[in-house]
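Just below sit the structures, each encoded as structure tokens.
The two complexes that follow have chain A in common; it is paired with chain B in the first and with chain C in the second.
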Partner chain A sequence: MSGLFRRHFLILPAAALLFLFVMLPYVNVLVMSLRAPSDSTPYGEGFSAGGYVKLFSDPYYFEALGQTLWLGVLTAFVCFLLGLPIALHISQASRRWRGLLYGIVLSPLLVGIVVRSYGWTILLGNTGVINATLRNLGLIERPLPLMYNSFGIVVALAHVFLPFMVLPVLGALQGLDPAVGSAARSLGASRFTVFRRITLPLAMPGIQSGAILVFVLAVSSYVTPALVGGMRVKTMTVMVVDALIDQFQWPFGSALALSLAVSAGVIVLVFARLTRMKWK
Partner chain B sequence: MRLASALLGLFRLLVYVFLLAPIVVVVLASLNAGNFLTFPPQGLSLRWFFTFLENEVFLRAIGFSVVLGLAATAASLVIGTMAALYYVRHAKRRAESVRIAILMPLILPEILTAIALLFFFYEVGVGTEYYIALFTGHVLITLPFVFLNVVTSLQGMDEMCELAARSLGAKRFTAFRRITLPLAKPGMINGALFAFIISFDTFGISYMLKGTGSAPLPIQLFDYLRFNFTPEAAAVSTVSIILTLAAVILADRFFGLKVQRF
Partner chain C sequence: MTEVSILSLVKRYGTALAVNDVTLKVNHGEFVSLLGPSGCGKSTTLKCIAGFETVSDGRILFDGHDISNREPEDRDIGMVFQSYALFPHMTVAGNLAFGLEMRRVARDEINRRVADVMELVQLSQYAGRYPRELSGGQQQRVALARALVIEPAILLLDEPLANLDAKLRDEMRTFIRDLQKRVGITTLYVTHDQGEAMTMSDRVVVMFDGRIAQAAAPEDVYDRPASEAVARFVGNANILTGTVEAGADGAPGLRFGSEGTLLRLPAALPAGTAPGRGLRVMARPEQVRLTAPGAGDATGTVVSHYFNGGFIDYRVRVGADEIMVHAPTADRFADGAAVGLAFDAGRLWPLEGAA
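Then we have the complex of A and B:
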């Protein structure tokens, strides 16, 4: 017994923490989403599936779910487009430059998500930096609608989560020996062929985990849609917080949150299955 | 071919600008002398920093965030390092499930974890009192970062080192203190730094679990930003950027950070 304890005591605190404060609360949310609603208290007595019925029968909520997932997919794709060249660039940069470039990529992480989203509102607003500059240059008369719409949200989300794409891809590229590329080139492969046949397959595990991370983070983000979308674009997280904090409807809020988590999980699984089949 | 690589270079440059732009803009906006966030700025001034220094709400929020961050970091440093040692040494066949379990708070949507914790603490009768819920939430979301960093620095370690020390007569604890701990140290420092920054910046957990008393800085800032458009928020943001940078630079000075990879 004491041998068993000695071997396993190292994991005990973490196991207790995760069991008490992740496992049990998640089971509790599941139960909560099936409780009966109530007007005076957060939830009533007895059980009902009313929350889920409301979500799937009311196009307002159902569309918000679709829109949120779509924004997540778009953000992951934009991060992939912007992140891959950057990761390649850093992995090939000389030692001196690498530190600096690495710092630039990590810099958004060092600045809180509220501050970053706020920075985008300064840039994208109707009287913001971009619109003011364009107007002063005489290129536009009326401000371009950059904020309070899906465009602004995706731009800001892509910025906020880009490091989560670049870092895993960089990690995956660590194993890339520059000599392999040179060898392929000397054997007559074009630059593009080297990229397609050597670099991309090596980077693929990183791209895969980066895309999943960015998607999950984007779908569950609240600050950026709230500040940059200005509550005018209804995303699921905004509605969940609304249902829980402002309307005090715990069962319905839980049903919304769980539906978002489950549908995001399904998309992640499908994505993982698809990319693995193709690239292994 | 020349054109293609020039275009690629330009594209990369634009991405780097894209990464830095919002941060630079916030810092510049904090130096605006005018009453509103306008562009171009109406002259340079530090007046909004002085306004901020007189604003007790923000100062208290910063203090609260620092204390909360230190407490959560200390707890997850101990728990995470123990778990990392277990993962590298003893987990064996269970290693993969241990890893996934500890990364769970990172994989699960933060806002959902926050909601789950909120309900849970209400159901057990604690609610958001005494900041217990807030502290627990912060430990949970910082734990994966300590774990990942310590595992990285332990993974190259040869278990034979500790065995050799013990065969030469070192007690179990001495071997741990003199061999294992120094090997784990870089990971622990990096992990602690990550944990502090994550705790300092996290939003969802704090927003849901903050209760009625003091609120961490991001929450205070968010509430302010929704209804105010003065450059004071930019000044507060700039101070928070400087604080984080200072933490990184100090840690680098004293401990020599290694660039870590995921």
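Then we have the complex of A and C:
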């Protein structure tokens, strides 16, 4: 017993924190999601599964759940497409450039998320910079639908979360022996084959964790979908806030929040399973 | 079987010269070692041959064809890296098959050749393992097998044994040399271990500061080094400095040390050596014998001695010089004892250049 304690005591503070501020609140949310609804107070007497029934029987909510998860997948994929070349480039850059490029990649994180999302509304709005410019150039007559739709949300989310893809991929690439690529060349592989057969598979651990990070962050983000999606596209997080704060329905809001967390968790598990690497 | 000619190769990094005008021909099936201290340009030379670095000047020919501008994948080389550079995400069999897949060899033949080469390097039972599940020596053999299985025209090895322990290194030396002889492949082997270069090579190329200092058979490099730097880098060397004098019988001798001992010199002396001129002569520690005081060519005092298994390494002070003697354990002298030193006149090697 004392041996067990000695081996694990270093994680005790973190475990206590997690228990107090993550596990207990989750249990609280679970209990709350099963409370009976009420019109006058946040929740009523007794228990009921009404919140879950409403979520899964009303297509409005159910589709929003699907839509939110889909936006998360899309954002992760866009970050992968954009982030991989960036990470490859930085990993091959000289020491002098590397610092600068790191800075550029991290820069979106230095600006507050509200400011950044407003920035995108200025760019993407119907009278925003992009539409105004195109109209002034005579290229379009009606504004392009850049905002208040999934497109705008994914663009803005990918911008914010790109560093969370680039950094783990970069970590994986920088851990590689550069001679591995040379060895493949000497065995007859072209540059592109080296990328396909060597670099990409070896970057996979980074891609995997980056994708999971971006997906989880995107699915649980609130400010960006709220500002860029407006009233038209409502993600689960926006609905949770609606239910909790505007409609004062704590049991239903909790049911929405918990369903999102569980389904996102399932997707992460399935993804991790599918991309499992035997050689690690 | 391919002949490699390196003609006036120069490689610059910025303004720094990593390889400075190297010319070298490696014959069909020859095993040549590039030997030199760290940073002398051995790896850079190899990388230029492999095509991982572009040459700044000069040309590299394989069988008379200039390949200086060919991509590495079109050079038909097998390369073994110091870090092994195995593909961590592929099994042993996957690593070995890679080069054959690139050559679009049919699947059955790939399987057959991979099985053969695994047999050759005694790794058959590890076919399904990933590199991280192998010991250093096993990884080293996979790296070697991966380079050999494609039957390349030229085999390039960059310090492949540097990460192994002494015992395994000895085994692998013999293993690589035997394999190279059996397969008959033209081989360039980079090392900074002079013992390794000696035991394995047909020819040793000693490099300093990006230049070739000497390219010759191992015995020649050891017994007849081209310069004092080569003499000192390859094995241990006593350098005796003195003046040339005619001995009593008229044969040339070297007057050296504060006692003014006259040493007999071999008959063949470098051009320009005349009585009265300064000269440096090399004597290897094992070419010096300890005798009773007064019996040898010179007398001295034992400064220190270290037992090293089969031999004892003495340091003997003669005047201002300290002479290293590598003596059989049968001769025992205590520190501080007066001893005589007998030089092997036939094997003293006069070095080029004035003293």
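Just so it is clear, the second predicted complex is superposed on the first by the 259 of 280 C-alpha atoms of A that agree within 3 Å, B and C clash if a C-alpha of one lies under 4 Å from a C-alpha of the other, contacts with A are read in each partner's own complex, and residues count from 1 in each chain.
Please note the rule applied: contacts are C-beta pairs under 8 Å (C-beta built on N, C-alpha and C of every residue); 3 or more make two chains touch, one makes a residue touch a chain.
Quick caveat: nothing in here was measured; it's all calculated off a predicted structure.
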Using the touch definition from the top, say if A:Gly72 reaches chain B (first), chain C (second), both or neither. neither
With both complexes overlaid on chain A, does A:Ala189 touch chain B (first), chain C (second), both or neither? second
Comparing chain C with chain B, which touches more residues belonging to chain A? B
So in the superposed three-chain picture, is A:Gly229 touching just chain B, just chain C, both, or none of them (first/second/both/neither)? neither
For A:Gly51 in the superposed arrangement: first (chain B), second (chain C), both or neither? neither
For A:Asp177 in the superposed arrangement: first (chain B), second (chain C), both or neither? second
Touched partner set for A:Met32, first chain B, second chain C, both or neither: first
Return first, second, both or neither, reflecting whether A:Pro168 touches chain B, chain C, both chains, or no partner chain. first
For A:Leu17, is the partner it touches chain B (first), chain C (second), both, or none of the two (neither)? first
Contacts of A:Leu260 with chain B and chain C, given as first, second, both or neither: first
Contact set on chain B toward chain A in their complex: 1, 8, 11-12, 15-16, 18-23, 25-26, 29, 37-40, 78-80, 82-83, 85-87, 89-91, 98, 101-102, 104-105, 107-113, 115-120, 122-123, 136-137, 139-140, 143, 147, 197, 200-201, 203-204, 207-208, 217-218, 221-222, 225-226, 233-234, 237, 240-241, 244-245, 248, 259, 261-262
Contact footprint of chain C on chain A as seen in their complex: 177, 179-180, 182-190, 193, 197-198, 201-202, 204, 277-279
Parts of chain A lying in touch with chain B, wherever the complex brings them together: 7-8, 10-11, 13-15, 17-18, 21-22, 24-26, 28-29, 32, 42, 82, 85-86, 89, 99, 101-102, 104-105, 107-116, 118-123, 127-129, 132-133, 156, 159, 162, 167-168, 170-171, 174, 191, 216, 219-223, 226-227, 237, 240-241, 244, 250, 253-254, 257-258, 260-261, 264
With touch defined as at the start, can you tell me which chain C residues reach chain A in the complex? 50-52, 71-73, 75, 77-79, 81-83, 85-90, 98-99, 102-103, 130, 132, 146-147, 150
